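When the chains are written out, they are named A, B, C and D in that same order, and each has its own residue count from 1.
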Amino acid sequence: MGTRNKLIYLLAALGGLLVIRNLYVILLQFPDEAAQGAIYRIMFFHVPCWFICFTAFLAAGVASILYLWKRRMVFDNVAVSAVEIGVVFTATGLVTGSIWARVIWGIWWTWDPRLTWAFITLLVYLGYLMLRRAIDDPTERAKNSAVLCIFAFVSVVITYKAIDWWRTQHPGAVLSFRTGGGNIEPAWEMMLLWNFLALGLIAAAVLLIRLNQEQVRREVDGLRRRVHEL
Amino acid sequence: MDERNFTFMFYGLAAAWAILAAYVVYLGAREGKIRRQLENLRRMLEERDKT
Amino acid sequence: MRFLRQAGTIAVKDLKAELRTKEAINASLSFALVILLLFSFAFDPTAEQTREISGGLLWLVFAFAGALILNRSFSREQANDCLDILVASPVSGAALFIGKAVANAILILAVEVVCLPVFGVFYNITWTKRPWWLLLVLVLATWGLTVIGTMFSALTVNLRLRELMLPVLVYPMMIPSLMAAMQLTTLLIAGEPVTGEDIVWLRLLIGFDIIFTALGIGLVETVLVN
Amino acid sequence: MSAVAVRDLWKYYGDYPALREITFSAEQGTCLAVLGRNGAGKTTLLRILCGLSRAARGEIRILGRSARHPETRARVGILGHGIGIYDELSAMENLRLFARLYGLADIENSARHWLERTGLAHVRDGLVREFSRGMRQRLAVARAFLHAPEVLLLDEPFTALDDRAIAMLQDLLREALDRGATVLMSTHQLREALELATHVALISRGRLVHTGERTAEMLADPGWLYRHYGEA
């Protein structure tokens, strides 16, 4: 087993253990919130999920710019892998948010700016993944999808800023670096960060698996090309 | 109300992990597919090289 | 100066070629009219309701009909490998992009200008209460749609499934401009002034125009040279 | 200084190298025929020289500048698989358009001149879509020569052309060579190419396997090169 595989298992194990510990604290030690009752606990996954999304899409954007600059396929691999993870966590974020909304707002979905933009972001990045499937030449694919990825990041920025630009139903920012502190209990904020770390470790493990795959896939592309040549 | 509230919280967490698990399963399936493609291509090239 | 001259030459060429055949503009116009007709089945239009959703309705028509024009923009270049010749000529990618975008914007604006009175007649709406503001919104939003559409048209020009891919990619990206345009248009058709909180939509519209134009100019050369 | 100089050029499709360490140069006033089988990499090489494609590694100098430099592109003429003219415009409008894009000083006269040279003066205002195949090809040739290019890059120029256009193109190329232009053409039609070529380069599987002057035995027996340098 290579060091890379070991690293993947290590990251996944650490992430898993941390999640279990966090779940224990969240479910058994934290009291119900006064207004929302038990459901508020979803926040401890919902919010970190979106952090992961932003991180992943930001990473994909940076990797795309680096690809266009350096033209090294590694950056393209990072970009796809990050986008895929971002899309999975966007879906998770939307579903957890929707379940929360069912209890608190009484509806699954509302066309609120924050929600709408999150959904648009999901569509835009799904488009990115579709575009990749439609291009055969790996170099061309890397270049065109990098350009799309840079455009797509605009929608991420809008989603992020939506709660500032429009009056929305969505709860405001919670973390101190955006609010100046005092919005939630310090213990809860710490827990959000702990869960961000836990999910981040798992996401990093998945990212590494995905990178391996992308490398093998490029090998397949190369061999296919050689077979054609004969 | 409070019990229902608790059930929904459970659904929420379950859904989140279910999506993640589904993605990992999908990754595994794709891994297998890519490996098979690789093997096929390698074998094809070896056969061509022999002839 | 040289940049503008080249962009102008490309725009004039595109317009001339389009007006000779009228392929895209005819298709776009009739499609727009069909959608306008179809909307009348979707709901029972009283003047009051229609006015409330007029912005959304109109911009859906413009976005769908405009896509036909945008789709043609780069596929026209493919017929005789003309795109290769243009990219290899001393014209910069940015000039090519701006030239094409200007031509597309003019064509889409023409479709819009025809659609507006038809809309007014079909749905009993007086839409001329604030004509200059409306024109400003039309121009700004159309430019936003066109820049994105032209860029993505270039991005997908060599694709096997380009007709299928383009709408999937382009509509979500257009939403920022479309959303702002819909809000403003509804307001203007109702005859209300753009003040107070609604100014934010105008700012967004201009902001997206600038962002997407800059991204397009910056990245188009990368897209065209493979 | 060579008119076209390429050093250690690589191009990849993903991990697969489509061109590997290509190094050659063409002096001013020479005609280099780039030969090779289909899929050997001729078109890829030509596209890179035209500035339509980026090399992964290596250096290209055309008239002393890089391939994508606007100054280079203004001095290079291109003829490819497609004719590269617009069906919706007339012959004259097509040439006028390209004259403008290439920044020529006397648009009208150069356009008219090349219509006459290619025997299309009588249909100058006819739409290209109504032209016959041969007429379209000749207009494409006029388009390529319009701005008196110092370097001509031709990708399989003879494949799409009929007999009359081939003869015309050969005459024009000879004339261009006489005035000191450099010609690079990729082709697998050996006979037409070798008549004009002063030098040949043979590409096989992305590698340059032979470069040198065109010798008399090549002209006498076009298959000679492949037998000596190409694999079976």
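Keep this in mind: a residue touches a chain if its C-beta (ideal position, glycine included) is under 8 Å from a C-beta of that chain, and two chains touch if they have at least 3 such contacts.
This one's a predicted model, so the numbers in the text were calculated from it and none came from an experiment.
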Most central chain, judged by mean C-alpha position against the global CA mean: C
Chain pair with more C-beta contacts, A-C versus C-D: C-D
Rounded Å distance, subunit C centre to subunit D centre (Cα mean): 38
Whole-Å separation of chain centres (CA-atom averages), subunit B against subunit C: 40
Distance from the mean Cα position of subunit C to that of subunit A, given in whole angstrom: 32
Centroid distance [mean C-alpha coordinates] between subunit B and subunit A, Å: 17
Residues of subunit C whose C-beta touches two or more other chains: 226
Junction residues of subunit B, two or more chains touched: none
Touching two or more other chains - residues of subunit D: 54
Residue ranges of subunit D touching subunit C (in the complex, touch as defined): 50-54, 68, 70-71, 73-74, 76, 78, 80-89, 93, 97-98, 100-103, 127, 143
Residues on subunit D engaged by subunit A in the complex (per definition of touch): 12-16, 39, 54, 56, 205
Residue ranges of subunit C touching subunit D (in the complex, touch as defined): 2, 5-6, 9-10, 13, 16-18, 20-21, 79-82, 84-92, 225-226
Subunit B partner contacts - residues on subunit A that touch it in the complex: 23, 32, 36-39, 41-42, 45-46, 49, 88, 91-92, 95-96, 99-100, 102-103, 202, 206, 209-210, 213, 216-217, 219-220, 223-224, 226-227, 230
In the complex with subunit A, residue positions of subunit C that touch it: 148, 151, 155-156, 158-161, 165, 168-169, 172-173, 175-176, 200, 204, 211-212, 215, 219, 222-223, 226
